[in-house]
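Notes for the one structure printed next.
Labels for the chains are A, B, C and D, by order of writing; each one numbers its residues from 1.
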Amino acid sequence: MNKNKIVNDPVWGFIQLPSELAYDIVSHPYFQRLRRIVQMGLSFLVYPGAVHTRFNHSLGCLHLMKEALDMLQAKGVPITAEEKDAACAAILLHDIGHGPLSHVLEHTLLPSVSHEAVSQLIMQRLNREWNGRLDMAMAIFNGRYDKPFLHQLVSGQLDVDRLDYLNRDSFYTGVQEGVVGTERIIKMMNVHEGQLVVEEKSIYSLEKFILSRRMMFWQVYLHKTSVCAELMLGHTLDRARFLLGENEELAGSPALLQLLRRPSGQAADDTLLEPFSAIDDSDIWFSLKAWTQSRDMVLRTLSQRLLERKLFKSEMRNVPFEKEYIERVGAETLEKVGNADWLPYFFYEKSLSTKSYKYDTKEDDGIRVLLKDGQVVDLTTVSDLLDRHFVMKVDEKHLLCHA
Amino acid sequence: MNKNKIVNDPVWGFIQLPSELAYDIVSHPYFQRLRRIVQMGLSFLVYPGAVHTRFNHSLGCLHLMKEALDMLQAKGVPITAEEKDAACAAILLHDIGHGPLSHVLEHTLLPSVSHEAVSQLIMQRLNREWNGRLDMAMAIFNGRYDKPFLHQLVSGQLDVDRLDYLNRDSFYTGVQEGVVGTERIIKMMNVHEGQLVVEEKSIYSLEKFILSRRMMFWQVYLHKTSVCAELMLGHTLDRARFLLGENEELAGSPALLQLLRRPSGQAADDTLLEPFSAIDDSDIWFSLKAWTQSRDMVLRTLSQRLLERKLFKSEMRNVPFEKEYIERVGAETLEKVGNADWLPYFFYEKSLSTKSYKYDTKEDDGIRVLLKDGQVVDLTTVSDLLDRHFVMKVDEKHLLCHA
Amino acid sequence: MNKNKIVNDPVWGFIQLPSELAYDIVSHPYFQRLRRIVQMGLSFLVYPGAVHTRFNHSLGCLHLMKEALDMLQAKGVPITAEEKDAACAAILLHDIGHGPLSHVLEHTLLPSVSHEAVSQLIMQRLNREWNGRLDMAMAIFNGRYDKPFLHQLVSGQLDVDRLDYLNRDSFYTGVQEGVVGTERIIKMMNVHEGQLVVEEKSIYSLEKFILSRRMMFWQVYLHKTSVCAELMLGHTLDRARFLLGENEELAGSPALLQLLRRPSGQAADDTLLEPFSAIDDSDIWFSLKAWTQSRDMVLRTLSQRLLERKLFKSEMRNVPFEKEYIERVGAETLEKVGNADWLPYFFYEKSLSTKSYKYDTKEDDGIRVLLKDGQVVDLTTVSDLLDRHFVMKVDEKHLLCHA
Amino acid sequence: MNKNKIVNDPVWGFIQLPSELAYDIVSHPYFQRLRRIVQMGLSFLVYPGAVHTRFNHSLGCLHLMKEALDMLQAKGVPITAEEKDAACAAILLHDIGHGPLSHVLEHTLLPSVSHEAVSQLIMQRLNREWNGRLDMAMAIFNGRYDKPFLHQLVSGQLDVDRLDYLNRDSFYTGVQEGVVGTERIIKMMNVHEGQLVVEEKSIYSLEKFILSRRMMFWQVYLHKTSVCAELMLGHTLDRARFLLGENEELAGSPALLQLLRRPSGQAADDTLLEPFSAIDDSDIWFSLKAWTQSRDMVLRTLSQRLLERKLFKSEMRNVPFEKEYIERVGAETLEKVGNADWLPYFFYEKSLSTKSYKYDTKEDDGIRVLLKDGQVVDLTTVSDLLDRHFVMKVDEKHLLCHA
């Protein structure tokens, strides 16, 4: 890679690294590690094409950030070269804290540490290493820079992160429903009193964007089979952690085992960085394969079923399962597994909701629409389709998985 | 997966498993393992989107086989339901013998065993397990079935394997040059005296197919940077094998180490099956990470450079490098590594040729064109572009890589 | 064209004419005439790529009909070869009654004749010519055949017409918002008690389908600029009709003039067929060019502005324009045109609503969803997004155009 | 259209008009007229999707010109704002002289006037109208501007014209063979001593470009059926011209008839402009329809067969037809038409060659490749595939058409 590198991307075509800082970030081992972390967790068990990585996605975000900033400049929004580099650095680093299989293990591997907290740790480390070169990028990332639109492009209801992942995930899964008119939306962006706004005539594209995201959630991200696989994997790690707690000797990736031995309530701190940055998807698969030889029936069975895609049966409903039904299925499952202590590893009940996945939370940070008359209003006040009722509604589904 | 499963494929749309046999093959752990093996080896270090797997590709081939057989039946070629199932099984299994990173390690991990030999072992094992259900599929696969066109669709100059991988690799790399008019070529297929032929008016599409393949070889498959990475990985494994021979204790994947300890001249036999089917890409990445802690400087350095994509400098030319130039670069490299025993691990010279990659070998099995007047001739006799001179020519390039 | 003709289609790939009847329809001058009629009227003045024809669209519908029927047969729905041919004929002929610029002139050129009425006339004529070969196709077309699902595929809330035009119009305009998961929807179709149903797991695709259609209406079909151009063209023809009524001599296409002289209340009858089938888009453009030399200022001005795309200024709003505003703009326009009799040709006010465009009427013919438990319910009862409130709501917009 | 207009293009996405000059050209009636002229003549009779217009194509060229100039500037090539506007104007106007059906009638309607000559007339007229605003654009267009690369981008072996039409024609025909890596080729462009060059690593893309063009010629542009239709249309106009010479009264478009009455040897001059700019495809279709009522059997028959796509039988071969075969088919045709004077209208023999279509002429203006060592050489000296022998070879085919 020379410092003016162009990369082929199947989604956006050629992506150019716009600065030396971008080049240095991409070249760093922390970033190269993202090549070994799939973007969509275990979704590839349902959509076999979906094996693209956080590395791809991060470069795609960089590309869209550059497009958006160029377009805003062309519209007369003042943005300095340094701000441009910083915003590009911020978006490149926005997912640097992801661990193996992206979101899948976020609350399992390190129960009390979010990927955002790890991102902060890593950025701080890099910034120290690089003597403050990331100061402005971190200010933008954390919403402390006084041009809020830069932060909103990194992280907001209409950030380049979403504009990339919806199209990218559609591309790799083959599910056309998620395709979003990204080029059009970017062309319609503007800045009004420091805030990111979109012009009125993009309303239909915005509606489409919101709904594509909702559809991708239910049709892909929360597909009952991949959620079931994720629950199985989470319980596998839980079992390993339990066995380690019992001083059981376990094979598998040493760095992964080290993290599993960490007290589950311990917050993110620098002791995390070394083992965390040492692991990626290969540690999971390698360990699962090792665990198929474990003496523990639970660990052995779950590992093998994941590797061979012999997933549990799963049912998803719009209304909660009746208590009797849950009990009956639980009893049947217990009969199969033969040990009440083991049941929680083979029988899961879970509610999935958009609240927990925040696909359209409103907070104070909605999508601002710039009307032709110069007013700025929230999207929900001008969209016929996305009225507040719809947008605020919590979609909820109920999942039951059993061996 | 129910036995009438439809799978989303980003390249061909929906793919339907056409038979219970196909379903059983896809469900088998040997086949599920292909989910963890990338199709294009280390090409993703140059084309970051190219992380698709042998699993994807095998399903894609299945789809094209079904399309081709349906079309031939519609043209009146007699094909029984059993033959259809068998041809589909044969194509599903054609890559079952691939090891980690597909072709990359084919001559390094097991120096005297080809992936085809492993495929045979695995098919024989499955056929025993399944009491002969694969008899006809294996006859087709091995060219022993008396309808040669079935074998030619599985393995020939115009097989569905190539028709899938050229389009699929183009799709995932973003390199448009490889796109092939697959749908058109399949529509033009026919059978003449038991042999697969293509109708005359497809000549331009066939020329395009041959040239797309040639371009993909030089622009993608043999890209100097990914070949360099592959050589580095091969030498890393060689070093590990050497150290094991010296009774050095090595961390890393036990199954991988077991294979590396295997006498290098030993042919394929059943003792191979267990360790071989236990490993996939994750064993390579896991071991490389473990080896970054090795006491051996060679193993440690190579492993780290691969993980962090700090690849050697590589040069590629159409003519051989001058002897003096090679010696000079060799001497400079030696100075850097400081030990003549280590030099071969940090300095590679290699000729790449189309012969070794057989992109257009003619043998007796060229592409047969059915002329309007009923004659069948070889493509090179009717193509203005692809005359024998061009097709027989051995393209050769020369590569020099050094730390 | 031989009778087993394959046609290249940029949207669906290769389209095969499935029967001799289909071949004969496509070869007929009535059908070839559709090559000279654009699908999307004057939309190409806004989306310059949208110059595709009714001929393309009709072949696309044929293709989807064939896919749907093949798939239903594969699921065990009994469909005879004759029914298949008839359904294919019905869909090929569904737009045969379209006149120049498709919908644009539907209520202007022949104020009291719909394109469906003309379609009936033409089918009857063809059926007489062909001694009843179209009997079954016409029964299906008119909903008189006792397998209702065949009619529903031709004309219903989820017919192949819509599945083709949404994707096709998206493709040619470059507006991605209209892309629909056609392949997925067709795979999910089934028949229940003779009615077309779709399986429950397609709900997200169906929601997307309904919303894509709504978005295409507002963003493309009812784009204020193309509606304005259509109103201008309608008024141009009205002016020509008025001048003919005044015995003014007019240049232009004789067949077009003949239709304009027809009493406006006259219903569809066989006297219509000859002049109607003689005209296509070229008569409109040719006549507009001739009329730029007219002595009549209104006719001359409108014709020239259409040809040179000097369209009126147009405003579109969600709420009705205030009376005072309309009056003020009217007065300003009057001042420009200088003659109160001419004002209606240069000043239009119009309400556009989804009711008039029926994008989601419910009638008795909604989209039937087959639940997993075997029940069949209307889509709106199971969709979280498309509740009855939303679906029944009449979207209305208000347009003002002035010179 | 406001002066900062963005246009949706299905091939390249959003196209922005880069200057007021570009806006004024696009708005001019001469340019709007291109909306009514199909890009690919009668190819739509074989590829029904290919109904895109010169208007689309000209905007597409504008887009690529802008991309190329931006990229060259980014590489440090000095280009002033005025030169940019002028080059954009030159490419917008490069096809302004095309008449109905683009190339089809180029040597029939005005036998001694090329479309380039008409383009010159129109540019001169516009330049007078606009007081010299097009001076620089015309200098670039005519190769008189002292930065040759600007002319080479407008018209050369690797101009944006070809880069647009190959992709666009592929897109609209559905023939994938013509897709070209335009984005990649543009990224590899540079300027060396004032000449346009492409960097060495683009060689495979350039080979693909040359071959795609060759394939498109034989598979699409020179498809025997559309060439046959074009010959039929040429002979129809010849017949009309002959009848007018005999003082026969003919219906049809007056402006078209005026051009047909023009002495066939008369060169391009200003008297041409008015009738020429008045006609477009609609005049052809309208006249053909009028001529189906002609008393002249030849004119009537040819017109009707074109409208109803009842084309002559056509045969194409790589070697010339034998004299006897031609005579035999001629005699059979004569028997059918019954009049020796009419035979030339119903029986055509024609050789098609790449020379006449100049797909790879070398002249002094080949494709210059900038080698890594700084040398500039012709593509054919560094391409393994495109050696001089192949490139200089005249491909020739022979066509026979008869009623």
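A few comments on the model shown:
Quick note on the criterion: contacts are C-beta pairs under 8 Å (C-beta built on N, C-alpha and C of every residue); 3 or more make two chains touch, one makes a residue touch a chain.
These figures come from a predicted structure and were not determined experimentally.
Most remote from chain A, judged by the distance between CA-atom centroids, is D.
For the interfaces C-D and B-D, the C-beta contact count is higher for C-D. With centres taken as mean Cα positions, chain C sits 50 Å from chain B.
The geometric centre of chain B is 43 Å away from that of chain D, both derived from CA atoms. Separating the centre of chain C from that of chain D, both taken as means of CA atoms, is a distance of 32 Å.
Multi-chain contact residues of chain C, defined as those touching 2 or more other chains: 13, 175, 184.
Within the complex formed with chain D, the residues of chain A that make contact are 6, 13-14, 183-184, 187. Those residues of chain D that touch chain B in the shared complex are 175-177, 179-181, 184, 204-205, 207-208, 211, 214-215, 218-219, 318, 384-385, 390, 393, 395.
Touching chain D in their complex are the following residues of chain C: 1, 7-11, 13, 27, 29, 32-33, 35-36, 44-45, 47-49, 51-53, 55-56, 59, 171-175, 253, 255, 278, 280-286, 289, 307-309.
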